[in-house]
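Shared between the two complexes below is chain A, which has chain B as its partner in the first and chain C in the second.
And now, the complex of A and B:
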């Protein structure tokens, strides 16, 4: 058990971080390269002002018409995404690991809050799952990969929650937790989770076309 | 798991007979389909297509943007992303190895169940441009020789005559002279200056105007004369600003048509092109045709009628003699509202003319499309029932205003909304802004 732990938290973690960082850089660079090669005109339409205007209207809850039309989805998705990003970075026990390995630290979330946020992420995933099964318009466009992606995202939080509470067998679950986290990191550049990388670009482009050429709002 | 295509009324009723599609599909071979799809994917598309396919999280949030979806009892096949699933996703996933039946469905989806109105781009959290994806499908179908017959005929007309309606050169000039003569009964020194080099404005219209609605040219001539504009209309091909090739994915013909339009304006050395109340023509000149020719923005300033009327009213060149009495509501055409933000200007023109203006909801950028645009009405009678069924929400939206007159400042919207009003038995009259402006403006005694 100990050696497996050593392996997943050592070399495998390295691999995961390298694949994540390298994959993200590669994806974004490849996207921009394709634009440069095939649709260079896009650059000439890009505008910082309109891009940011559009991005802000879509990352602020209820600032877009559609987010007001789906209030529950809007609240869930914002809570989900914020927790999803903040918890792994600002969890005390994660910061301790960074401190031990690299001697760097930063402020941590109170453990109680992080615990609540973890539960919120898990519940959000259940909500997304239910949407996929219940709502016809979501069901129609759902493929197996959508369930896999949801599972990949939920797994680190479920296992992390279990391990944090030190329930029976938690040292084994801890290994699963580390593995799940690594899988999620790697999945970001290599699955539809890459919307994390691409969303700013698609939004900025649509914002620039609407703001600069069409003189209309796109939110 | 992905659902099989759910049957709905429209789908059951319709195994539409369309010779353009039927014959095209018969001639397809698997090799040809595969090679054309991959050629378009590799040579004609790039990061946009890729990012749109890879970024979509299949969340379905774009669904309620689409009038087809809302009107067909929320049948997911009609949701924007549902249309992408039936077309682009499969083509990408199967690397172009799809069969003729697939193409048959794809051409119907892209040509007759999407108006390219881009409302969904405002509802997708990522700004995924599904209208663009549907245009890619149409491009593929065009290259496969599978395009609905009626709209293909208009493209053939563009190609042969540089106008959409097979209007011959002498017919065109005759029509202008005829309208000039008619106009002189009202304003004795009225002119429709043809081929006047160095004029300030080239006025351009779509070919259905000389063909069926010459009265609109008459009204425009009165407006130009009363306002004292230095204007002209060309006598040569290039006078028509319409463009159905843009909607069939025939980009080469789109480029020829737009080049001839711009070159005509250049030859006449005008300062700007002012165009009649048409939306798709504006999109072609302002957004798509110019790009196909390599111009970021149009090489000559273009002004849509709404903008032009607004300017004339603001500068006092046209004055309102008496206000229009009936209650009016205003439709916001996609191509000039989501496409050019003219919604406040159209309102200021309407308010100047009409005392009793009732907003429909939703409005401005969020207005529902007329379901005629994007070339859908031009696919002709075989699809009319589907078009009517596909825009029940528009009928409800119109009925709720209880207005007597519906102002639709776009030719496609105008015809499409007339159909809707007739089909749903609404008691409403459709008018262009110019109809009312002409009626209400001050004219010399």
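And now, the complex of A and C:
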């Protein structure tokens, strides 16, 4: 038990965080490099004003036409992404571990709120899964990898929730949780989850092209 | 009710009260977390005497330590004090905060000896 715990929370955690950080930097650098090589003229019309305008309109629920067309999807995606990012960063349990390992701390979410947000993430995953199975137009463009990615995202939340409530098999699930978290971190730069990194650039580009070249809005 | 029965009842009651409070330390089954104000977790389990006997900890100052000029004193101990008397809830000038002092002390030894709980829910049992 101690050996397994020390392994998954020691060397494996190091590997996961290094691959995560290194992978993210590599991905963004590679993207900028490709654009620079192939379509350098894009930089000539990139504008902070149009970029921020576009990002802003897509990040606020119901501020873009597309989001108004699909209200249920908009609410679920919004709640899902907010919780997905905030819970792991501001969870008390995670902060306790950062404090012990690196002597750094920051304010935590109340455990009760984090617990509710965790349930919301799990329910959102169920919603996304159902959508893929039920809606023909979504089912048509769904491949096996979409299910795998959904599972990778849901796993740390399901196991974390189970562990927090100390249901039977606590220590086993706790180890599974750490592994699931590490798999998800590694998957961010190396799977389709990298849209987490790229969405900002996509919107900046679309906003600048629509705003500066076509003189139209992209939201 | 006769007077003697009443006196005996009171005597028994007071006796139980006195012995139970005198045995307080032996009865310690968890670590009081009220100094944390609004604790986020259930108090940690810790059967003081049974724990130290099982783990073979004879020296009190493994935990109840005293420092001078940043060095731990070998023959001094502080079992007459609470950990919170020296470690404040908020970390101050380099010495560990109370939460961290407990975690480093308890979890630190358990990891080192590969025995005893290391996961949150093994100590903060619901």
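Simple rule for what comes next: the second predicted complex is superposed on the first by the 219 of 219 C-alpha atoms of A that agree within 3 Å, B and C clash if a C-alpha of one lies under 4 Å from a C-alpha of the other, contacts with A are read in each partner's own complex, and residues count from 1 in each chain.
One rule holds in what follows: contacts are C-beta pairs under 8 Å (C-beta built on N, C-alpha and C of every residue); 3 or more make two chains touch, one makes a residue touch a chain.
Just so you know, these numbers come straight off a predicted model, no measurement behind them.
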Touched partner set for A:206, first chain B, second chain C, both or neither: first
Which superposed partner A:174 touches (first chain B, second chain C, both, neither): second
First (chain B), second (chain C), both or neither touched by A:157: neither
Partner chain(s) touched by A:20 [first = chain B, second = chain C, both, neither]: neither
First, second, both or neither for A:96, with chain B first and chain C second: second
Chain A - residues contacting chain B, complex: 31-32, 34-35, 37-39, 41-42, 44-45, 54, 58, 64-67, 69-70, 73, 131, 135-144, 146, 192, 194-195, 198-199, 201-203, 205-207, 210, 213-219
Residues on chain B engaged by chain A in the complex (per definition of touch): 1-3, 6, 45-48, 50-52, 54-61, 63-65, 69, 74, 76-77, 79, 81-82, 85, 121-123, 125-129, 287, 291, 296-297, 337-341, 343, 365-366
Complex contact set, residues of chain C against chain A: 40, 99-100, 103-104, 107, 110-111, 114-115, 118-122, 125-126
Touching residues (chain side chain A, partner chain C) in the complex: 2-3, 5-6, 92-93, 96, 99-100, 110-111, 163-166, 170-171, 174
